[in-house]
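Next come two complexes, and both contain subunit A; in the first it sits with subunit B, in the second with subunit C.
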Partner chain A sequence: MVQQIKPGQFVQLEYNGRLLEGLVMPRSLYEDEKHITLKLKNGYNIGLDSGKVRLVKVVEYETPAQPIEEKSYNEIGNGPRVLIMGTGGTIASKVDYRTGAVKPAFSAKEIVDMVPEIGNIASISIKTIMNELSENMKPENWSVMSNEVYKAFNSGYRGIVIAHGTDTMHYSASAVSFAIENPPGPVVFVGSQRSSDRPSSDSAINLQGAVTFAAKSNSSGVFVAMHAGLDDNLVAVHRGTRVRKNHTSRRDAFESVNDSPFAYIDIEKGTVKQENETTPQGKIKLMPNFLAKASIFKFHPGISESLANAVFGGDLLSIIIEGTGLGHVSREVFPHIRSAITEGKFVGMTSQCIWGSVGMTVYETGRDLMAMGVVPLGDMLSETALVKSMWALGNGLDLGSVMPLNLRGEIATRRPVEK
Partner chain B sequence: MVQQIKPGQFVQLEYNGRLLEGLVMPRSLYEDEKHITLKLKNGYNIGLDSGKVRLVKVVEYETPAQPIEEKSYNEIGNGPRVLIMGTGGTIASKVDYRTGAVKPAFSAKEIVDMVPEIGNIASISIKTIMNELSENMKPENWSVMSNEVYKAFNSGYRGIVIAHGTDTMHYSASAVSFAIENPPGPVVFVGSQRSSDRPSSDSAINLQGAVTFAAKSNSSGVFVAMHAGLDDNLVAVHRGTRVRKNHTSRRDAFESVNDSPFAYIDIEKGTVKQENETTPQGKIKLMPNFLAKASIFKFHPGISESLANAVFGGDLLSIIIEGTGLGHVSREVFPHIRSAITEGKFVGMTSQCIWGSVGMTVYETGRDLMAMGVVPLGDMLSETALVKSMWALGNGLDLGSVMPLNLRGEIATRRPVEK
Partner chain C sequence: MKMGFEIHIQLNTQQKLFCGCNPGEIDTKTVSFGRKLRVSSSEMGEIDPAAAFEIKKGRSITYVSGDRTSCLVEADEEPPHNPNSEAIKSAIIISNLFSAGIVDEIHFMRKIVVDGSNTSGFQRTAIVGMDGRFVYVENVIGISTICLEEDAGRLVEKGENGPVYNLDRLGVPLLEITTEPVEADAATGEKIAAGIGRTLKLTGLFARGLGTIRQDVNVSVGNYGVVEVKGVQKLEQIRKVLEFEEKRQNWLVEVSRILNERKIREADFDAEIVNLTDLLRASNSQTIQRLLSDQNALALKAPGFSGLFAKEPVPDSRLGLDLADLCKLFGFKGIVHSDEISKYGIENQILNDMSRRLDLHENDGFILIFGDGERTSRCLEMARLRLKQSLNGPPSETRMATDKGATRFLRPRPGASRMYPETDIITILVSDEMKASYRVEMKSWESAVDDIADKYNIPHQVAEQLLDSDYLEWFTEAAVTFKSIPSTVIASVVLQTFEELRKDGIQANKVALFDILNLVSKGSIAKEAIPDVLRESLSQAISVESVIKRRGLSSISQEELKKIVASILKDSRRENVQKEKIYGVIMGRVMKQVRGKIDGMLVDQEVKRQIEEEFRSN
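Entry: the complex of A and B
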């Protein structure tokens, strides 16, 4: 009986005496043949032993969507010219493409049909620049994004929206922040914490917020627009170098760290509220290269000697330490750090506390580490420091000079107020 | 002139035309002789080029304190018997011992003299069990703490307070949580985010909170007591397995993650407010061993192939992944994980988001990782998962069985409510 159940079918099944209805999911690479996964109407997936499943009926057979011919740069709507770039995450769709059931490419018309509000805010064009899951994004992908942003501004777009899976969106936003100096307008990353087929999906609201900021704000920079709270009327716009995904599932998972959100969008009124303005300090400049010879070393008690050796003695050229508290590690790690610095590698210090600033002159441990050449990175996020050092390595910059500088709002230039 | 300036002196100096007053700090191991560090009255340290320093006058010469003979187990005060253990952090002192200027060992009388309120809450005994900076704490230190806690309960103490540096206090609290099953009363870690010589020091308030909870609560378990906010009247008591240092410098840096604080202490009234109660489910049991063959792997885009190989192919027996979002890594890491699991190593998944729970059945990547044998660890903190796996390894427990279980409140047994 189980042979008749095919991925993409909406089915009613009997399983352990219960009647279940849902979408049969495609088998993933490492799943065995003895199980099937059913996506229930509430959006949750459950795994079933295929031997115990009895097919009651096929409710509907979902024909896999044919990729629609891409109509890039076709403008739809009224207002300033905004380009929406797709990177692989769903922008807005009845079925999330990550289920595998539908993998649509969108035309500008389709997306404006799905979220008609954005057609009243801007003249929308669409371009799919890659098709990659968020967790599989690599520095090479950041280069592609940066090149496309540069091209789009040179083609006269006022603002750019990049639809991106949420897992690594803050890494990508940080990367494009560094790669594009003096963008003439806003670049806004946007994602969705919920599958678009879930009743609580946030994708349409987030997209409206992102398009509103791209069309109406005069700010130069790279940002992330996501729900500000649980209220569907307020979208927060964070600086790309200051934002972190701080919750696995909440709609307001993205937060500005050691900074306030740069702006808020009132969705109903279509207005942008922002206190500060960023203006380009010169002509747009592209530095799109990244060298992935950097990593994060999260210190913890009982750190393995061989692991410390692999991190500091391996082929990495930049190591961002997530130290404890104000920026400390145990004395066992000192020799590893010293020899890495002697070999010319960059070692920067951030804090695993996430909030607050490292302060390496307060205690002896911090002073010892600084005397060895460890560079304190203030209140910079470790993820931002990592991306920045890959960018500095990729573009031949001197890390010792450039890492402590505030280039894109990533580090406070004055001591943050202690409370 | 500079030769006359000695560590421990309170001096007035002229430097670049400015008059500075402060405490001359001892030179740390790696500092050169061309600089001196001055601790200003506001508590901040500044480094000065000794060639440019002119000594105006020595305001006061601070005689280094002589270690006072320890009077362990000497009871002072009235009320239930509480033992305060010192591990190396300052409990309460005019000068923070980390400055190196004063390294006092306390007697029970001295501490009650300094924070007289605690003598009205409990009958206080003191024992210094080690003298180690927080960032230098190792799993061996956790074993010592656990053994001492076990001995103290068997000696009839009602509650135990452990004074600890804040950098790794949450790791230690988690460790003792696992090492002691069914403590008959509360074990309360306490620290101070500010040097005790700073006007805003929180050490006395935190200590009052910890002693109040140790003396008055009937709860069985290991906790952390620290400022609940900026209000000096409210101390929060967190579960040892649920707490994280989330700010480098704020007094309320410690927060319960994915959980509410277990209790609050009203300092002025001396009352404990708690909604739930934990009672021992049997006789106290000690499992104090830790094997440090475990580490945290924080995944990020552009992870180095050789680093992934070192982490998963090295001598670690347990690897706690801090994945992205709901618990993902890029496909490049898959082969490393698969071979580690094939070799019998434990690989568990937490999220670098910190808040929320991993959910590995939602997307294909999560399902693939589970099919390989990666164990999802729900809403457990990565630091707690690390400590728990070192404990499980040290006591010969099967990690695959024990890691997903809720032993000490470290993991939610039901799906957390999505908001």
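Entry: the complex of A and C
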């Protein structure tokens, strides 16, 4: 009898001498199979031990409605043409309160229905280019994004918005920054720290910010647009090579490191506040390849010799060290670094301090490392340096000369006093 | 009438339900920030039309976060932590107490709340027990659900630019105990609610203090709509609220009968909204010109409503007031309706023109508001709906209890709660061992009363009042701390003085209570001074010591008292006061001088002694 209880059935059950009615819900991956989840008529879910319930009758079967995936490219809204690319997760979604399921928006119409404000800023098209969780993104995905951005600019879009999970969004933003030289308009990555199925989600305001920047700013480059501060009005636009996720959960987790945010969007007023301008220095150029033969080596006291050996003696072609302070590692690591460089591998130095630049001439350790051939990478973020070296490897560039150069605003010669 | 209760009672856990904050701490600083909530347009209005309108307008909600009482979780900047295990345990204990069936897994849900009181836009709530019972004398009242849920933010002000909430209350664990509807009269209703409340208090699992127990009362007459009355904080209110609602709802049944008798049909309510601005501009009535200002005057015909707006079977129950409250949701200060239009001094000619434009016939009324824009039309559309509903008797709606036991319209009753699973919180297994062992030994109410009466040497009646009151803990602590002060004195402060202060909107405070008892126990001031000093201290937020300094209240010796009585007695000789009145006169004059400075008993003894001496020597 018990085995007959299946998700989607509206059932009457007997439980401890009580009669219960409700809809049998599917169980999530993390829930055991010993229990069933019943959605009661008052909307609550409860879990019952399936060994203790007796099925009285199945009142009716629900046929689960299949989500209709409308991959529509139709434009909707008024203003400059902006393409929103989906990479996975949900940009906007609504909840089916009957089943508790979260239904993501797929078509331009659905998104504009859910965030109608963007229809007044731009003429919106939408394209789902992949379906990956942020943590599962790989360098191949960066190539797909870059190719799609290139195609979109060539088909006349003014700006491009890429909706992305937040965990690795700054890696992807950095990757597309390098892969596309001289984009004619802004490419804006956007995500949300609070899922879009809740009334307090930041997804709508972030999306408005991203679309506003994509539609109104004349800047060439790749950016990340996310909530600034605790208030629901300001969205900060960061350079793709300068941005880092600095908090696990806050809305304003994304910050520009060693740089001020490139622009701010006032959502209520719909205005862009931007002090600098980046204009394309030539024709758009695509270099979309990445070779994942690079990694980050984070030095720490008591580092294991075998780990150092595996990293520097393995098949990696580029190792970005996150050194201590101004760019140091302990002497035990020296021989591993030396042999890697002798084998022709690239070894670059960034700092685990996150803020500030490496300065390898200040102490003897730094000078020794430089003498070995370790390349100081200034104030470049280690994540950016990693992505940049994968890109340089993928496109056959000489790392020794390309890595210390400022190509996409990733390295600065000066850092403002105010953080 | 039919009634049901939803009792919300605060668990006395050390931490909130989903984070490590302790709401009892004192903040040293606060930050505030503004947020907006979004609800997809398809479900707007189903929840709460007025709140949905506010959200659609993009009005922002301000939150105040104290450094001790709230953290990133309440600010909706960090996912909820695992539910507080003490709270889970208490919910299971209470489910057992009411013989409820306990779920094998607790699933937290998100219940959509759009008024901004929750930063997330929803309240987290879970069913722990179902289908229990409460045995009251010989009746058995069904307990349909026992839910564990988080409290909402505390509304600090309604604000022109949107509400302001403090996050100190947000996330405090509450149990919601919902009864099945029962057919009963107001007195029985009060007894049921009191019975459940007392049973809960006896478990010792709940916090005490004003606002720690809130009852929502669902009332209906006949088969008409269920009215949910929120915010009943004191037990004494319940009976009054029930009586009020019964009369009010019966009057609405009568209204529907009258409308039917007047042959009013649904279609009669479809008249267009009429602009009366030009007519009213011409009036010499200053009140009207002030209300009108530079706005529009828009009116809606209310077919058959003549005389029905102003009538009230009990004070504050008139339909006109309900409509005014409804319009307040849209930011209007009030409305003008046909039953009171004569008060505004509008010229007859204009009144006739208004009638003509509104197409009013015999028995027809109207409502009129002053304003512009979308909110005006939305407001009138909602008013139209309310008028139309009157054809069918009392509608389902949510009302708010007043201190006096009346109820005021709050909003239309929303449809079924919008709920979906809270995916940030794992489901919690409830083992058979937990179900079997999470129980509480309960003594009976009577023996709890006996215990207090015996322990503190106070009358039973006072002991029972203390058990019912919000201040039992303060009382017991004070009685133990200040052994030299009779317990009855302390009881009278927390039961009477605090109650009088509460009626005047002054909140009791434990520090002030202990400060003043300390001074009384040292003999620095007399117990008679307690009410006045407390009132001054609490109402002006100054310390008890400063009040005493300011008032020059410090005790006088018995020697000084003797002198004062003697001198007053001497003065009164010249007045030839009658013998039978002399005690009252002298006592009054002496007390005027020494009140709060010396024990009244001593004054009484001294006055009697000297009067007797005086008459003996004569």
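Note that the second predicted complex is superposed on the first by the 331 of 419 C-alpha atoms of A that agree within 3 Å, B and C clash if a C-alpha of one lies under 4 Å from a C-alpha of the other, contacts with A are read in each partner's own complex, and residues count from 1 in each chain.
By our rule, a contact is a pair of C-beta atoms (placed from the backbone, for glycine too) under 8 Å apart; a residue touches a chain by one contact, two chains touch by 3 or more.
All figures in this text were calculated on a predicted structure; none of them were measured in a lab.
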Applying the document's definition of touch, where does A:Asn16 land relative to subunit B and subunit C: first, second, both, or neither? second
I'd like to know which partner A:Lys52 touches here: subunit B for first, subunit C for second, both or neither. second
Contacts for A:Met372 in the overlay, against subunit B (first) and subunit C (second): which applies, first, second, both or neither? first
Should A:Asp231 be classified as contacting the first partner (subunit B), the second (subunit C), both, or neither? second
A:Gly240 contacts which: subunit B (first), subunit C (second), both, neither? neither
According to the stated criteria, A:Leu40 is in contact with first (subunit B), second (subunit C), both, or neither; which is it? second
With both complexes superposed on chain A, which partner does A:Arg250 reach: first (subunit B), second (subunit C), both or neither? both
Between subunit B and subunit C, point out the one touching more subunit A residues. B
Touching partner for A:Gly359 - first (subunit B), second (subunit C), both, neither: first
First (subunit B), second (subunit C), both or neither touched by A:Glu135: first
Using the superposition on chain A as set up above, list the residues of subunit A that contact both subunit B and subunit C. 28, 30-31, 37, 44-47, 100, 200, 230, 248-251
Could you list, by residue number, the parts of subunit C that touch subunit A in their complex? 31, 33-43, 58, 60, 72, 75-79, 101, 103-107, 109-112, 114, 119-122, 125-127, 130-131, 145, 147, 416-421, 423, 426-427, 429
Subunit A to subunit C touching residues, read off their complex: 15-16, 18, 20, 28, 30-31, 35, 37, 40, 42-49, 52, 94-97, 100-102, 113-114, 116, 194, 197-201, 204-205, 229-233, 248-251, 268
List the residues on subunit B that touch subunit A in their complex, please. 26, 28-32, 37, 44-47, 98, 100, 133-139, 141-142, 166-168, 171-172, 200, 230, 245-251, 253, 290, 292-296, 298-304, 306-307, 310-311, 314-316, 322-331, 351-359, 361-365, 367-368, 371-372, 383, 386, 390, 418-419
